[in-house]
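Following are the structures in question.
Same chain, two partners: chain A is paired with chain B first, then with chain C.
Up next, the complex of A and B:
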């Protein structure tokens, strides 16, 4: 297992190199010169424009620029944001916690709601709870995250006044209260998909022979559901859920902007709009690593859940 | 220049606005509607004098660039920057002229080449150290240094030397006279920073780790990027005799989504918002019982600009025809109602008549308004002889500001009536910035916006119409190149002391430009200012982006 993990991590290196190269090229192909955008429009004397260009590392041809960037990156220097004039790694370190907290709360909400809901639906197929659950899933999947966030603000902040409209709060309790609304909006899609997946996976397992056998032996329904059926139904659910974390990261870009949260999502939005190359570059690499690790963790979890799965040489 | 604010993700803003409006109507008293502008927008409750204490939360739409005044040249950085550091002079009298500040007096030589400033004595920085002429000279020379790459360095472009002649006098020498130079002394280009603090901070100056330090009414406390900036009162402020600071704390909250900002006004989580109320939500905010929405006269305009160096838009008759075919008034009415002023064919908004007002008024009466006249438009188009080249030409615009998008769409429709099929080229706000200030060779028609940095017509005419600004980095987005206009604009800039002659030349340039119709002005919008009714002492004028906005603000209740 350890060898497998190490090999997977090593395989990440060429992926990161490739992604960094492609990102480097793509941002430079997009219209809009960073110096023009940063200056926001005044005619500056050529010396100043040139000084900015040099500060930003935008002199020379793109390949030379890339090699220079790579050299610095390997030494742990990912550069400085053009717009915010801060070290990119510091920026990301500042912004990451709030996004991680947002995603974690979303995940807890999603799993806490979706899995019991899916099990209940499977157990009482075609009942009222099954239909209501399916309807909710349809709605949850159809509503874009930013819309859900706006509706959430209107209902829970403006009309009911239960939750703050925006911001991230200070102490842990305050933080939780502030993140409830954005995390809820973010979780909707995941709840929908995960509950559907749990339902169908449970239905499949529940109709299999060994469950019949368990029933025939007179095991309590609860034991059958939790111990025998659910564990086997979990693998596809886990696959979908871990993929969903990826969608949550993407969704956080939208929800953070809507709800005024200073996380990675709003950092990326700002950076792309302002052609802030170093920030885009670093954020994309961060997301690549996040997705790769996510897949790795999922694969390892398979083995934990299902003892028949073994990773070896 | 100041660009129209960027806005993100407005797809459902209208629905949301309606819903907030429904909620806002729950309150019994509606606000009095648009006030007629003026410097102090919000009246204090009668009898309640300013008291110390309380806090304020202001909303801005994007991350500030820096707290270093050298990089404050946008609509979001100044709320904090101008509270911490201060300029040598300030704009006053509704931002039409200059008053003393850290310099207690100033004098220009007759030839306009030497400015002598008396620096105020007894002013301390927030760390208790005295402000000296050395700090003043250091601050100005720092902005001038190309290596710093300051965004406002161009304002001091005519300066050849800055030196202290004694402990209270600074002499600034210009290489050539420059009518706009004096105004730079009230901008971030002339904010006085502490030499010791800047040198100690090194390249961290102005960034979240160390922030900034100056003579201003509020001190830097905290900056959480992507989230907020926090300032606290400077109890040793030098200019308390003229009012505040009163507030204990000011928080400046970054909220890119307009609907969320408006929701924050409704819930009371946001107390203060200047310029960043979208025009399609004015009615919603006006209906809020705890919020006052007022409008400040501006030096700002929105217009459609032709690339006059690109065929067929190099043909004056084509531009005039299109101008006559387009109902500018309808667009303005639709998007701004009473909150934008009547336009004519000039970027010199009547609020910019800060000197020789009668002459400007007389000229205004003569200016063409290009009122809709379809028959005349068709006739001009026929005379141009290039009507067949117009189909498929593009108008570039961004969609995140309702009036910009609306003007473009209305223009396309109006051209349809002339038999011209224009194509929409939708770009992001930042791409539109790059078009407006790039090499000006990559668009046919562009919807642009601009606000003067200074209370001077020249601050709008020169950047937008002098051929020296037509190249990359310049603001002359119509690529307008007229030697007669160039000459007038250059000459008036060289005679800073002769206001009458300057006005005459600027008016003549304005007339020539209007006849050539390189731009179609759609609106001179006023700045919206939304404040919670618990605040008193709110003051903001046309050049609010250079002002220390929170100095005299206090909590009424």
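Up next, the complex of A and C:
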């Protein structure tokens, strides 16, 4: 097991190098002199401009710049924001909790709703709940998260007045209440895919011989569903749910922008508007690393659930 | 409309019945999908027939609700929302089609070559493509488009390239199977060139898989284009586009929800219809699905 994890971690290194190179390279390809963005239209003499270039690591050939940037990044120095003149890592650390909470709440909502829904659908195939669930899945897959958030505001904040429409709240409870609406909007797509997968995976398992045997033994339906069927139906469900993490990361960018939440997502969109490249670069890099690590964690989880996978690769 | 369909029936008796009895016609969900998709495609190709100038402003008629004069109301600048929805179809729908075309044009040959030759070529191609998959797709698109400046063209090219790995992987996996089949050995024995075997003999066998994958990707491409445009990176103002209309409508959502609801529902309908048609195609083309 430990060997498997180590091998996977080693395989991650070239991928992360590639990711950092692409992120760095793209930003350097941007047209225009970065110094003009730092200055924001103010005119300065060439010596000051040169000093700024040095301060932001913009001197020398691109490869040297990349190596220097990578070295600093590995030491936790991701540069300084062009616009806010603040350490990028501090900016991100300030904003990260909201994004993480948003993603965590929507993951809990998604799994808490989708898995029971999928099991119920599989158990009563072609019943009303099966059709309603399938319809819900189709809508969940097709609705853009930001539109879902807006509809949520109209319905739950304006018409019903149950939830706040905007902002991220003060104390922890208030925060949770504020995040419920955006997290719900974000969860819809995951609910859709996870419930679909749970349904089809459960249907397949429920039609197998060993379930028939369990029924013949006279085991209670509940035990069959939860202990015998669901365990085996879990792997494809886990795959789909883990793939959703990327979707949730990107979705949180969109939802935060829509709902005025001060997380990483709105940090990125603000940075795009201001061409604040160090911020864009660092945020995209961190989110991608998080995405890669989460994928690794799911792969390891598979290996825990299904030992065959460890020996397969 | 009824006169038209009557004319069609008189001209070609039994056409509708024939369509309904065909395998795709018996798939109710796919038919519903087509019924939504076709009007949307008409908006994309012939907007002038369905609506007036989408950029005509009338500040005295700002933020009107839906009514007789304005089918879906007006936005803040008094522009007709229906016209903007109709003209906004092209950037999203045709843009998404171009995204799929780009990913296919690059991804299919790469997948064919990787799957057919295997070995070092395969390893090289797939390592690079897998590395591309390390990025969450839309995040990479945001980065690329933010770097090279917003606009529909950048968005479509960036998404097209980002969609390559999914297509290439699929084509590779199917090619791997076919490259080991007897008919390919037979072709080799006949002395055919690799290029001829790949493109004339293996490629036709991939059509079903590629079509199914394309419809899945098409639905995602519509959502991604809309999302980038929602972030202000796609179609630039004043030209209409569903995503940017939604972003604009957000600021006056509480005064007039019509523009927001209209553009959001337009995106949803497009994605739902593509998904329904895709499910229908998959049911027809994928032998595994047919058995169920």
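Operating definition for what follows: the second predicted complex is superposed on the first by the 271 of 313 C-alpha atoms of A that agree within 3 Å, B and C clash if a C-alpha of one lies under 4 Å from a C-alpha of the other, contacts with A are read in each partner's own complex, and residues count from 1 in each chain.
In this text, a contact is a pair of C-beta atoms (placed from the backbone, for glycine too) under 8 Å apart; a residue touches a chain by one contact, two chains touch by 3 or more.
These numbers were taken from a predicted model, which means no experiment stands behind them.
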Contacts of A:47 with chain B and chain C, given as first, second, both or neither: first
Chain B versus chain C as contact partner of A:171, first or second or both or neither: neither
Touching partner for A:270 - first (chain B), second (chain C), both, neither: first
Touching partner for A:61 - first (chain B), second (chain C), both, neither: neither
First (chain B), second (chain C), both or neither touched by A:209: neither
Touched partner set for A:126, first chain B, second chain C, both or neither: neither
Which superposed partner A:284 touches (first chain B, second chain C, both, neither): second
Partner with the higher number of touched chain A residues, chain C or chain B: B
Chain B versus chain C as contact partner of A:154, first or second or both or neither: both
Touched partner set for A:258, first chain B, second chain C, both or neither: both
Overlapping contact positions on chain A, where the chain C interface meets the chain B interface: 31, 146-147, 150-151, 153-154, 158, 254, 257-258, 269, 273, 275
Footprint of chain A on chain C - complex, ascending: 130-131, 134-140, 142-144, 146-149, 219, 223, 226-227, 230-233, 243, 246, 250, 253-254, 257, 260-261, 264, 267-268, 271-272, 275-276
Touching residues (chain side chain B, partner chain A) in the complex: 1, 3, 6, 8-9, 11-12, 16, 19-20, 23, 62-63, 65-66, 71, 73-74, 146-151, 153-154, 157, 206-208, 224-228, 253-257, 259-260, 263-264, 266-267, 269, 427-431, 433-434, 436-438, 463, 468-469, 471-475
Chain A residues touching chain C - in the complex, by the definition given at the top: 14-16, 18-19, 22-23, 26-27, 29-31, 138-139, 141-144, 146-147, 150-151, 153-154, 158, 246-247, 249-250, 253-254, 257-258, 268-269, 272-273, 275, 280, 284, 287-288, 291-292
List of chain A residues in touch with chain B within their complex: 31-33, 36-45, 47-52, 55, 83-86, 91, 94-95, 98, 146-147, 150-151, 153-154, 157-159, 161, 164-168, 254, 256-263, 266-267, 269-270, 273-275
